[in-house]
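Okay, got some structures for you below.
Across the two complexes that follow, chain A remains constant while its partner is chain B and subsequently chain C.
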Partner chain A sequence: MAGTSNADGGAGIDPMHQFEVHPIIELPTIAGVDTSFTNASLWMVLAIGLSSMFLIIASRRTSIVPGRLQLMGEMSYSFVANMVKENVGTEGMKYFPFIFSLFVFILFCNMLGMLPYSFTVTSHLIVTFALAATVFLLVTLVGFARHGVGFLKLFVPSGIPVVLLPLLVVIEVISYLTRPVSLSVRLFGNMMAGHTMLKIFGGFVVGLSSAGLIPLAIAPFALMVAFTGLELLIAGLQAYVFTILTCIYLNEAIHMDH
Partner chain B sequence: MPKRERLDALEEKISARRQGQVPPEAQARVNANMLGLAYRLLVEILVGIGVGGFVGWWMDKVFDTKPIWMLVFLVLGMGAGLMNSVRTVNEMRRKQDQAEAAKRRENEE
Partner chain C sequence: MPQLDPSSFGSQLFWLAICFVTLYAVMAVVVLPRITKTLAARADQMEGDLAQAEALRDKAEAALAAYEEALAQARTRALGLAQDMRADVQAETDRQKGELDASLAEAAKAADIRLEDARTKAMEGLQTAAQNIVADVMAAVGVEKADEKAVAKAVTQAFASTSDTVKAG
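Showing the complex of A and B:
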């Protein structure tokens, strides 16, 4: 994101301004929940729309020798499919549609956030936490559906003296509960820190050059270019990390080889 | 052939020099990995403490026993965070060993 000054203008460039959620279409509050269509909703809808469009167009006219778009679609498919097969095994392919949607949604949200004037949905903890909580619920339900009460054995480490067992079971349960939190905090932290940093350096460039010190503005500008590249890498990498951790958790729920 | 031998000797000398020397891009990759690992461990421990504290706070609210459970669960949360980070490190080390073994096999072939 380029360093754009906010409504206050001048030197007051607020690096956190980009994260503000404001309603675009005001809608009534239903059961204590504000249902307004916000800029966050807009960018989520855009991510879903664009990713669906990309995959539909990529798979519409398929040929044996794929075109550029078809190749991109096929590569993203086989990338996630291999990840699921390697980390969960063939039983995991049942959950492939969920994992693939998750990967594509996060990737598109992250990448759309890199456009100037856009809004990064994944830089909000509540969004990443909702995604991680969905994963957590799915994994827990799959575990109980496949192993019944036996899934609780996951919390009982083997080869531990009976005296220590209650303590370790509590610690294991807490450690299980930290999963959705650490999953969401990792994605949120990376996205928010990166975008704030870009905005701060952007602010330096704008501030220094508007003060007539254009030669001094070159250094932060160069850094910003480098950080933009790094941010693009992080946007892809974090989508990958989120997906692969989902696969690892799913594998544990299905195979329980702890 | 003397030329062949000379080349072999040179090759040996170069590989002897290279021993213990890490190419810069590999070093950069290792540094990036270490940074990622450090960040992951930090998140793991902080989240452990946070979740432990939250569970304790919630139990205190339910049983009206402020602040006993919160203190107990803060400590347990630290334990959970530490356990998670140890697991992360073990996982990383296993992966690294696997990668190194694969590389060695490739070199031998």
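Showing the complex of A and C:
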């Protein structure tokens, strides 16, 4: 796809241009890892900076009757805490900081991506896959740490004829191993598709207007406004879906019930 | 598709790791313990307030029950007092009435006795007068020496039958 990423000239025409990663500060490659500070890095830092600032300020006051900001912080805490308690139980609260950070990070990356001229961190498969793989590793480690080899029983469904067992075990193992893929592709796909569509409609509006056909640009403009609302919803929803699936996987690893 | 360009993977993963670990550290060390503490303090306070409210309500209910009991006792006592009072008044009235009745009966008896005396005396006087009249009539008729005893007997008999007739009438 090198051809597309080099097509820099037509801003607003190439809908994939927004996903390009380009270095802002060139940094040396350390141990085979390029550490350059890119636009992707910038928006990651902004996401954690803004979310940390918001939550630190929101949690600074600890009054019994909360103010608006304090209430917002406490509500996001309770939202994720209830999710963990309902789906994993109280044992899951040990992993609450991780799940909360995951939710906040994805939510802020998704939401910041809705700003014009911004970069959507979660529209890159490598990022969502890294997050999903972290979840997968954590869940697998927790499972083996709690149940030892018995965790492998997760792949053996109960009450199944012995003849079908080999086939079903293979299916179970495959479905377990594809979890990080489905988890990451779901988030990445939603983010990329939405932003591409917005860019395409935006391109229509700009193209038709500059061609003097302003009345014709009204329809794509209206659609763009509607899709922006939908995208905001999806940005929140996908953060929620990623988090709740993490909770469900964790619950399975802890309680081993299908 | 820039997403499939592996040249950016290294830097993205590197900065993702730094950012996510930083965020996790800030959340786990600073933000979440603070909110946990605040929520726990609030839950404690609410629990305490609710317990206090319940205790106060229990106290109020106990006070109400005591008040109602006192009221019931007072009512019972008032009723008893009224009954006693009525009984006392009745007894006093009965006693006074009895005394009055007795004194009236005595006075009536005395009056009867006096009446009887008066009647007896009048009868005696009448008898004496009748005897004298009989004696005088007999003297005028010509019986010189009338048997005084026989006259007295006849008069007495006549009186007795008359008084019997009078009494019967």
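Please note the rule applied: the second predicted complex is superposed on the first by the 246 of 258 C-alpha atoms of A that agree within 3 Å, B and C clash if a C-alpha of one lies under 4 Å from a C-alpha of the other, contacts with A are read in each partner's own complex, and residues count from 1 in each chain.
In the analysis below, a residue touches a chain if its C-beta (ideal position, glycine included) is under 8 Å from a C-beta of that chain, and two chains touch if they have at least 3 such contacts.
As the structure is a prediction and not an experimental result, all values here were calculated from the model.
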In the superposed arrangement, does A:Ser210 touch chain B (first), chain C (second), both or neither? neither
Touched chain A residues, chain B compared with chain C: C
Based on the superposed arrangement, let me know which partner A:Asn82 touches: chain B (first), chain C (second), both, or neither? neither
Applying the touch criterion given at the start, work out whether A:Ile48 contacts chain B, chain C, both or neither, answering first, second, both or neither. second
Check the residue A:Ala130 against both partner chains and state whether it touches chain B (first), chain C (second), both, or neither. second
Looking at A:Val104, would you say it contacts chain B, chain C, both, or neither? Reply first, second, both or neither. second
Using the superposition on chain A described above, determine whether A:Val185 touches chain B (first), chain C (second), both, or neither. first
Contacts for A:Ile171 in the overlay, against chain B (first) and chain C (second): which applies, first, second, both or neither? first
Enumerate the contact residues on chain C facing chain A in the complex. 1-5, 7-17, 19-20, 22-24, 26-28, 30-32, 34-39, 41-42, 45
Please output the residues of chain B touching chain A within their complex, sorted ascending. 40, 43-44, 46-48, 50-52, 55, 73, 76-77, 79-81, 83-84
Which of the residues in chain A come into contact with chain B in the complex? 167, 170-172, 174-175, 177-178, 181-182, 185-186, 189
Touching chain C in the complex, chain A uses residues 1-2, 4-5, 16, 19-21, 23, 29, 32-38, 40-41, 44-45, 47-48, 51-52, 55-56, 59-60, 62-64, 66, 70, 73-74, 77-78, 96-98, 100-101, 104-105, 121, 123-127, 130-131, 134, 188, 192
